[in-house]
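As written, the chains take the letters A, B, C, D, E and F, and residue 1 is the first residue of each chain.
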Amino acid sequence: MSVVVKVSGKLFDEETVDSLNALREGIRGLIEEGKRVAVVTGGGATARRYIGKGRAMGANESMLDLLGVWASRLNAYLLSFSMADVSYLKVPESLEEFIHAWTSGKVVVVGGFQPGQSTAAVAALVAEASNSELLILATNVDGVYERDPRLFKDAKLIPRLTTKELSDILETSQSVNAGGYELLDPIAIKIVNRSKIKVVVMNYNKLSKLREVLKGKDISTIIEPA
Amino acid sequence: MSVVVKVSGKLFDEETVDSLNALREGIRGLIEEGKRVAVVTGGGATARRYIGKGRAMGANESMLDLLGVWASRLNAYLLSFSMADVSYLKVPESLEEFIHAWTSGKVVVVGGFQPGQSTAAVAALVAEASNSELLILATNVDGVYERDPRLFKDAKLIPRLTTKELSDILETSQSVNAGGYELLDPIAIKIVNRSKIKVVVMNYNKLSKLREVLKGKDISTIIEPA
Amino acid sequence: MSVVVKVSGKLFDEETVDSLNALREGIRGLIEEGKRVAVVTGGGATARRYIGKGRAMGANESMLDLLGVWASRLNAYLLSFSMADVSYLKVPESLEEFIHAWTSGKVVVVGGFQPGQSTAAVAALVAEASNSELLILATNVDGVYERDPRLFKDAKLIPRLTTKELSDILETSQSVNAGGYELLDPIAIKIVNRSKIKVVVMNYNKLSKLREVLKGKDISTIIEPA
Amino acid sequence: MSVVVKVSGKLFDEETVDSLNALREGIRGLIEEGKRVAVVTGGGATARRYIGKGRAMGANESMLDLLGVWASRLNAYLLSFSMADVSYLKVPESLEEFIHAWTSGKVVVVGGFQPGQSTAAVAALVAEASNSELLILATNVDGVYERDPRLFKDAKLIPRLTTKELSDILETSQSVNAGGYELLDPIAIKIVNRSKIKVVVMNYNKLSKLREVLKGKDISTIIEPA
Amino acid sequence: MSVVVKVSGKLFDEETVDSLNALREGIRGLIEEGKRVAVVTGGGATARRYIGKGRAMGANESMLDLLGVWASRLNAYLLSFSMADVSYLKVPESLEEFIHAWTSGKVVVVGGFQPGQSTAAVAALVAEASNSELLILATNVDGVYERDPRLFKDAKLIPRLTTKELSDILETSQSVNAGGYELLDPIAIKIVNRSKIKVVVMNYNKLSKLREVLKGKDISTIIEPA
Amino acid sequence: MSVVVKVSGKLFDEETVDSLNALREGIRGLIEEGKRVAVVTGGGATARRYIGKGRAMGANESMLDLLGVWASRLNAYLLSFSMADVSYLKVPESLEEFIHAWTSGKVVVVGGFQPGQSTAAVAALVAEASNSELLILATNVDGVYERDPRLFKDAKLIPRLTTKELSDILETSQSVNAGGYELLDPIAIKIVNRSKIKVVVMNYNKLSKLREVLKGKDISTIIEPA
């Protein structure tokens, strides 16, 4: 079995490298369990900064998206170069390139692929193309909530839901956490459904324990394909 | 100004090359009007045949999508090689490659880019990246109908609607023409909206008259960004 | 030792995937015998269809050849994606790329390389570059005949001949099977001769038994380098 | 004649895009004068941030340099995408790629090429390969000073010196401005000498006036090849 | 109209650059006549030296051919870099790459493409792909002779023959000049025939007069497609 | 541990392949010791010949450097193709490409990367990027001498020195062997210093004994990072 870990760009925005080290520790844990691992990195603040400047200078939306893609690849290179003994090192720039890179047996780290495509969609494609059964979404909230946990202190975390239920929540209310849409957009949902990929949402401050997550512990929210 | 023409893969399935010749004539007409032209080709029957075989042999969905992408590129090469005097000849395999190809001043023909991405989304991205004001969708029906014209003889063609109205129709009913979703999927709609690209739907048997379409004639349906 | 299997494009034209499954079974058999395997695929009906349309539209002969090459690569991708666990996945587009791909230890599947070069020549080059001792040509006839078996019911199959004898037959008479020239053209013959590669001709309906062929059974015709 | 402008990464660190807009204005001025323009961008704070994190995670020095190179390319893409009508858009990743890109007639923007190579060396190579007679170094000081102007208020700017004199200053004292070494390292000096390229140092807050600089005005320091 | 000039590798073996300068002069003459020009370079002594060493070290024949291809590309780079103002600079490594390079409007210089393919075949493909009407073969003999001019002082030059006649001479006798086979091999003959390309054989010491050759002067032998 | 061997281009200039065979034997010895090996090849006489001709034809210095780079890659291909069973076969053209190639577990052979960069600098970068502890410089003298051994018969070989001492010798006198500067230029010294890479200088006629060198025998000069 193989596992895809999608990490929010926020992980790369932190002052220290503690979270990145936790991620590395988690990945090594998965490898020790005999799993193959692919990682998808978001663009975070670097992406927003470059997109903001590009927009101020009148670049078109596709090119702004590309700046975001390049920023996410910079994050991917940082992670990849910091695991030189186990990683593929080159950051694939398309799914075709990923598919080929995956045959190497190495940990493959990617950022974005294309304008008009969310990192969540990239992660779902990477999970599908690598025949992974598990896609882990690591972000700075604990999971999917009934209401936005930043607005409502008493918001309750949903431990288990289907992609159908997630879609309904995303479409009909604003009561999910702001990052809800970031978790899985319609394209990503379509892909995890068609290939029956189980999705786990977790806080990235627990990334060192990916091995436990694999065993069903420390998971905040499980999203089942519908 | 530049124009993007998205042609249904069905154009390449026909026995004769009459429609392809009409397309070439139309493109030359646009060039004579001083327009730059990009073309996006669907995969048609070749795509379906290879996807069908791949599925029968157990390839995963991402790889099936890739077979469809390669088939659409074969269609793109056929068209490109048949306009060797004005075309870029190489078929770009990603938006990044397209963006660069576009600086050549040539007619650029592309097929698909990525798994999980419709040809409509590719066409919208290509239109956005090339700062085109017009995206022409050429298919085998005349335009957008209130009800499926193949089921209801009296279905009425909608001459003008917004992407918002198209979304509503697509979501809430099955009364549009079957190819409705193929015309513009949610990603494509998002892109034409954010970059204010006007969309024209037309029958591909009128492709030789692209020059007229540019002038507002022979258009079946105009979809305005909302 | 390694083995190169060249399969006629006709294999990909069939309605069912039975023959393709047989090919996969045969390849797995070879791998179990400890052999490395490369596969070269013809373009078949897809190639002819696109070449026909391109010619009708006035593309030059080199570009028509390229359409055939792209069609054969589509066949190669279909096969490669259907053996994702053992194949290199990417289809090399030149001998240089093949040589590098071969160092991966995977099954490498290629279509055509270049205009003006037969798939037989590609297969011979691939066999030479991979230091293979055996090149298997799988087609829809049983082997090399003294006379065209489709015209003469009593045509006798030739169980063993040299490339010199094959050349003589090809040059001096029309009595070989129509596909004779497709089997090995002069360039291919030159290559199998200079590198002493043994060639086996077999019917592709026996592809599941490649392991037996390796052991000298079920072979129709052996062509020895001269 | 063609001109190479090397801009310090600091230009990309500023909160606003005013300096970047000034750069664009300056480049358009040069084009209007009939000059071809290549731009080389430094990595700035983005580079330092990623290198810092990579070092904290134990990446080797070559890979840290590569992170800096990728950061400088991100700056290059920002500039390139913001001049889409005149630029080559793709950012070349080696001198070979630059040389080919240069034949396009477009403005070519590059970041770094290789680990172990300063942006100044890249700029000198780009100037040499494009047969440019002028290399403009735009940074956040006014030019070359006899003593570090940030430490000594009365430091005097040197209006004209030779690369030989610059080398002597760089080797034998610390009294130049801190960025002195950044201006031209030994490799860059070797290249501007061997190809007789004139170097101009200027403050990047005057970049909108590149056209004037070309005519010999507003120049702070001229460094003549020795 | 466009013209392809194939120059023997011997041109690059000479001590001086006089012949190379003559070639450049000839190419500029063609450009002044409004022609587009592609050049194909042989590998010459450099190729033979590397192939000899590779063979002594046991490299297989495909790899030896590749060494020859790389040597011919080195010759191509020498020529290309020496015409930097008019050439495409990058040396295409396949016909696909050439076809795309050709759309640039520049002089494109190539060496070899593939193992198992003569430079003559490359030249014929390049002529076909670029829709050239004329293929000039420049070598160190004056043309095609009835008998080998190096053995028979009274050998008579054949001013005009068909590819059919050339084939007959090549197959049935050894009385042509030794380089006869180098001029056009069977694959090259097949290509010039199918695309009706006129071939001119000339001594490379007359290369400065390519403009005259174009007008029908100073031609030694014309080979007409049959 | 891994080892980088930089071999002078002179090795490829010899009439026989004896030295090349010794190199291959030495590399196999290192592999048997469980070491990974990268090789960097100089350009030698081939480089000088092409650079000489290019200069005579007016190519600019960057392009002349590129001719030298291509020549060194030809040497690299010769070596790589002659060790097809253990080598990566493709010759990486940049450090980025090398880094990725290195993950393959194969012997990777490179020539030059970039104009303006010595082969010594390439070798130092390759050693750094591959985390090698040892960089072996094989040339046609025995090591570093106090005075030029070709001018002074009694010149004494220096068995051990630091990069600091080497720099001093290189800068302040001409009494080192002519190839001294070729051994390690300032960029190379900077790299071996920053990554603490030990450098061994040896005569290439002892290359078959690389295994002994690894064990500290047959070393002429050790240069320690300072």
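Definition applied: a contact is a pair of C-beta atoms (placed from the backbone, for glycine too) under 8 Å apart; a residue touches a chain by one contact, two chains touch by 3 or more.
What you see is a predicted model; the values in this text were computed from it and never measured.
Peer 1: Could you tell me which chains are in contact with subunit A and with subunit D alike?
Peer 2: Chains that touch both subunit A and subunit D, as defined above, are B, F.
Peer 1: In this assembly, which chains make contact with subunit B and also with subunit C?
Peer 2: Common neighbours, subunit B/subunit C: A, E.
Peer 1: Would you kindly say which chain has the C-alpha centre located farthest from the C-alpha centre of subunit D?
Peer 2: So the chain farthest away from subunit D turns out to be C.
Peer 1: Copies subunit E, subunit F: same or different interface, half of numbers shared as the threshold?
Peer 2: same
Peer 1: Measuring between Cα centroids, what's the chain most distant from subunit E?
Peer 2: So the farthest one, by centre of C-alpha atoms, is A.
Peer 1: In terms of C-beta pairs in contact, which of B-D and D-F ranks higher?
Peer 2: Pair with more contacting C-beta pairs, B-D versus D-F: D-F.
Peer 1: Per the centroid of Cα atoms for each chain, what is the distance between subunit A and subunit F, given in Å?
Peer 2: Distance between chain centres: 43 Å.
Peer 1: Quick one: report the Å distance separating subunit B from subunit F, using the average Cα coordinate of each chain.
Peer 2: About 55 Å separates the centre of subunit B from that of subunit F.
Peer 1: Specify, in ascending order, the residues of subunit C that touch 2 or more different other chains.
Peer 2: If we look for residues of subunit C contacting two or more partner chains, we find 60, 63, 66, 84, 96, 99, 104, 131.
Peer 1: Please categorise the chain-chain contact pattern as a line, ring, star, complete graph or other.
Peer 2: other
Peer 1: Going by the touch rule stated at the top, which chains touch which?
Peer 2: Those chain pairs which touch are A-B, A-C, A-D, A-F, B-C, B-D, B-E, C-E, C-F, D-E, D-F, E-F.
Peer 1: Give the list of subunit B residues in touch with subunit A in this complex.
Peer 2: 60-63, 66, 93-96, 99, 113-117, 121, 124-125, 128-129, 131, 186-187, 190-191, 194-195
Peer 1: Given the complex with subunit D, which residues does subunit B contribute to the contact?
Peer 2: My answer: residues 96, 99-100, 102-104, 131.
Peer 1: Any idea which subunit C residues touch subunit B in the complex?
Peer 2: My answer: residues 12, 16-17, 20-21, 24, 46, 50, 53-54, 56-60, 63-64, 66-67, 70-71, 73-74, 77-78, 81-82, 84.
Peer 1: Which of the residues in subunit B come into contact with subunit E in the complex?
Peer 2: Going through subunit B, the ones touching subunit E are 84, 87-90, 104, 106.
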